[in-house]
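In the two complexes that follow, chain A is the common piece, with chain B as its partner first and chain C second.
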Partner chain A sequence: MELFLQRLFDGLSQGSVYSLIALGLVIIYRGTGHLNFAQGEMALFCTYVVYQCGEWGLPIGISLIIGMGVGFALGAVTEVTLIRPVAKKSQFAVFIVTLGLFQFLNWLDGAIWKDQPLPNSGVGSNQTSFPSLFPNKPTDFVNVFGAAIKLQSIGVFLLVLVLFGLLYLLFNYTKLGLAMNAVASNAESAKLVGIRTNMVLMVSWGLAAAIGALGGVVFAGINSNVNLGLMFTVFIYASAAATLGGFDSPGGAVLGGLIIGVIENMAAGYADEWVGQELKVGVALVVILVVLLVKPSGLFGTAKVERV
Partner chain B sequence: MKTAPFTIKSGGGASWAIRLVVAAALAGLALWIPTSASNGLIDSCITALTLMACAMALNLLLGYTGQISIGHSAFFGIGAYTTGVLVAKYGWSPFQTFAVAFVIAFVVGALVSLPALRIKGVYLALVTLALGLVFPQIIKWPKLEWLTGGARGLDKTGFRFTKDNPTYEIFGWNPWGTLRGENVKPFHYWIAMVIVIIVYLACRGVVKSRAGRSLVAIRDNETAAAVMGVNLAGTKALVFGLSAALCSLPGCLSAIRTGNVTPDSTNLTVAGSITFLIVMVVGGAGSLWGPIVGSVLYVFVTEITGDWSNTDSIPGILRPLFGWSNTPPGTGIFAVLLIVLMFVAPFGIVGMYRRLQARVVTVVPKPAGTGTIAAPAAAPVEA
Partner chain C sequence: MTLLRTSGLRAGYGPVTVLHDLELEVNEGEIVVILGANGAGKTTTMRAISGTIPRQGTVELKGADITKLSPDNIVRQGVAQVPQGRGTFPELSVEDNLRAGAITRRDGTSKINADMERWYQQFPRLAERRGQRAGSLSGGEQQMLAIARALMSRPSLLLCDEPSLGLAPLITQELFAVIERLNKEEGLSVLLVEQNANLAMHMASRVYLLETGRIVAQGSAAELSADDSIRKAYLGF
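Moving on, here comes the complex of A and B:
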């Protein structure tokens, strides 16, 4: 029972990170129908920015706001300068551009911060470990039915729920959110009724990248360092989460991320003979495959009707 | 519309003359490199040829069928590990392993393509991305360690040229005698060259045949293709399998060339898949020449910029641009080039060349029904 709870909460806190990245994917997908392959790398860049702010002595709260601001700017600029012009040409061109952005950002991170886990006292980092948003000293845990649950896990989980609540309010009760919904359901009609679709898309990309930045910082906090490969596997788990939840459903993305996180930890924990740490990422592959084959629209997504 | 100042008839005398000159120049270059070039250059050429074969195999799938794969590193890895295991554990001659790798990769590729029949575009990219990520993990899996050597990989997977080891004879010719005391690089170069020629001919054969036209039909409009009588499922599975099988051949070479295989070497991970894809798209998706141009350019750029970690070796004009970092800028330059090309020339360098050429020379295709049909003009790739 203790072990089960332990794994459940580990899974939930990891899953929260997947949820955050998946939310970014979904917000972009809803607006333009594009899958942003650079989502993870955009988040990673912002995470490095937060690390750098920490090096300059800023507290984590302010660093996080700066990081998310940089993320918003990065996402918005990407949409306006790179995605929008090629989106007219073809879906394939957008895919290639996001892939190019993926390569470029990863190279840029490496060029600025070198290929090493940071903070690293060997290269003169002032911080001992990546700043966590929540208390994460060895003594910071609560006992739940005999299982020691880290405060950090609970905090991360709550953070995702709060963020989802805020997004729910945004999408359902604000002019901007409603405009986003309108663009998502039919971009041309939205344009006809006077919604500035270009602005909406720009904000969507910015918002997605800012949420991704939050995910990156949370994950680096759990991981206690940031490195160049941090987001590779997170991205594929997040895609699995978005696929499971349905690519156009924010709620689905959150739930999908949590489910994937739990499945992954349970599989690695209970079937360590067979799955273990090595084949954990196989969970993502299996989930993506099964969902796409059985119910391509995911749990909460709207099924696409194709006109021939 | 402006007419070009020159006109060439496809299949006419001028066309053949140009083809002969180009072929002779290429053959001369291919012969000059292993005989006269420095070891470093030969090595770069083997790298370029390896990438070339991978990009060609991927081009068959992506450029002509429009199916996106970011998992071709897995097929490359299947090649490398088939050769590695058979040579290191079972004492086969490396040459015998190529056929086995081809068959295994074909079967795996065809199996992967079964879900691909229902999954399209970026979703397929996701599935193949997951495949590319899972492959090195399967190699490291403790249950398979007896076979794959786990995370440490396998040693002694190349040719071991010894006088009294007849296993390493190639059709009765023992290269040990020829290569004793000499450099083994030209030998690897020739293997790479043969692989590239095989892959090129296979791609060309498929593309210029009835099958190739059905591929382009599938890419441009799946429904219309099915209505015209193209067998969607069969064709897609076959092409996926063939592309995977062709991509495994350079994998076999990599095991022979380095003499060891590890699950974390670049071309076996997703980074490798992305490189294949970028090389192909920069060169020109959907053209037979694209991967050739792309891989040569890629290796050229990475070699030139390889020592730019040292500020002094950067040419003066570029120093302010790249001097601030110790990381070689090759990857960054290519990523920017990729994005820029999507704006100015979605069909890569070859596509751009064709457009410029069309302003100078008009190539008149043969009338329909008089033999081979001219290559179709590049059409938008739908993903």
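Moving on, here comes the complex of A and C:
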């Protein structure tokens, strides 16, 4: 029982990171139907920025705001300069561009911060570990039915719930949310009711990248360091989460992320002999396959139905 | 007074020019109908006016040149378009469709809500379905929703792109009756393109005939239906 609860909470906090990256994927997909392959790497760049701010002595709260701000700008600029010009050509062109951006950002991170886990006393980092948003000393845990649950796990989980609540308000009760929904539903008609669709797309990309930045920082905090490979598997899990929840449903992305996180941890823990730590990425692949075969629109996605 | 005037309007898609020097006028309070067969350039005319395709020549609204404006700014100037076919937001509720129609307005929620109630009264079937997703409505209901949505922006000119398309004749009649009533009671000016000549000419103040991107005849409905060749080609009797 203790082990189960522990794995459950570890899974939820791990899954929260997937949720955050998946949320970014979904926000962009809803607006344009594009899958942003660089979502994880955009987040990683911002995570490095947060590390750098920490090196300069800024508290993690301020660093996070700067990192998310950089994320917003990065996303918005990417949409305007890279995506918009090729989006007119084809979906495939956008796919290639985001793939290129994925490579470029990882190369850029390497060029600036070198291929090593940071912070690193060997290169003179001032920080001992990547700053966590929540208490994460070995003594920071609560006892739940005998299981030691890290405060950090609980904090991360709550953070995702709060963020989801904010997004829910955005999509359902604001003009910007209405405009985003309208563009997602029918971009041509959105123009005809006077929505500035270009602006909406730019803001969507910015928002997605800012949320991704939050995900990267949370994950680096759990992981205690940031390195060039940090987001590779996260991105794969996040894609699985978005597929599971439905690519056009923010709520689905959150739930999908949490479910994948839990499944991953349970599979690695309980089916140790044949899944274990090495094969657990395979869990994501299995989930993607099963969802696509059984319910292609995902748990909460809208199946495209049209009355004729 | 002239509300809309186009002069030398040319537009098309890529290398293909569809409209050739179109001269059109809509006066305030008029219902102007553009008749044309398939491929005559009816939808292109609508798109050229609403700015959703590149155009040359000039489009003037109340004397002001709107040729250079983007589609969203043309809506802000008071031109609302009901797109061809099902131009609603299918995943959004009926109510959210109407809210989206009012997205350019800055006069406060209470006035927008009041307008919404007003159009619910005009289109009772939309009121019954206000929480439903627009995609689940019938073709006629969606067309009414598209019109109500366009009216939510309080336009001075309503552009209707072939509202009868895909609708049963009775539904079309009902729809045209609504447009006529809005014109009479609210003084709404309308520019409407149609192939369905019989129904549309009924309510038209003036009619243009469009053939392969050129205006080939114009006049009142009575004048045009008196012309033998036109009557045979468009009215079928």
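The rule is simple: the second predicted complex is superposed on the first by the 304 of 308 C-alpha atoms of A that agree within 3 Å, B and C clash if a C-alpha of one lies under 4 Å from a C-alpha of the other, contacts with A are read in each partner's own complex, and residues count from 1 in each chain.
The rule is simple: a residue touches a chain if its C-beta (ideal position, glycine included) is under 8 Å from a C-beta of that chain, and two chains touch if they have at least 3 such contacts.
Source: prediction; values computed, not measured.
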Open item on the list: After the superposition on A, what does A:Val97 contact: first (chain B), second (chain C), both or neither?
Closed with: first
TODO: Classify the contacts of A:Ala182 with the two partner chains as first (chain B alone), second (chain C alone), both, or neither.
DONE: second
TODO: Could you look at A:Glu278 and tell me whether it touches chain B, chain C, both or neither (first, second, both, neither)?
DONE: first
TODO: Mind working out whether A:Gly110 is in touch with chain B, chain C, both or neither, as first, second, both or neither?
DONE: first
Open item on the list: According to the stated criteria, A:Ile195 is in contact with first (chain B), second (chain C), both, or neither; which is it?
Closed with: second
Open item on the list: One more residue to check, A:Thr302. First (chain B), second (chain C), both or neither?
Closed with: second
Task: chain A residues within the chain B interface of the complex - done: 34-35, 37, 82, 85-86, 89-93, 95-97, 99-104, 106-108, 110-112, 114-115, 232-233, 236, 239-240, 243, 274, 276, 278-282, 284-285, 288-289, 292-293, 296, 308
Open item on the list: Taking the touch rule as given, give the residues of chain B at its contact with chain A in the complex, in rising order.
Closed with: 66, 68, 115, 118-119, 121-123, 125-127, 129-131, 133-134, 137-138, 140-143, 223, 270, 274, 277-278, 281, 324-327, 329, 331-332, 334-336, 338-339, 342-343, 346, 380-383
Task: chain C residues touching chain A - in the complex, by the definition given at the top - done: 50, 52, 70-73, 75-76, 80-81, 83, 86-92, 96, 99-101, 103-104, 135-139, 149-150, 153
TODO: Note which residues of chain A are touching chain C in the complex, please.
DONE: 175, 178-179, 181-182, 184-186, 188-197, 248, 302, 305-307
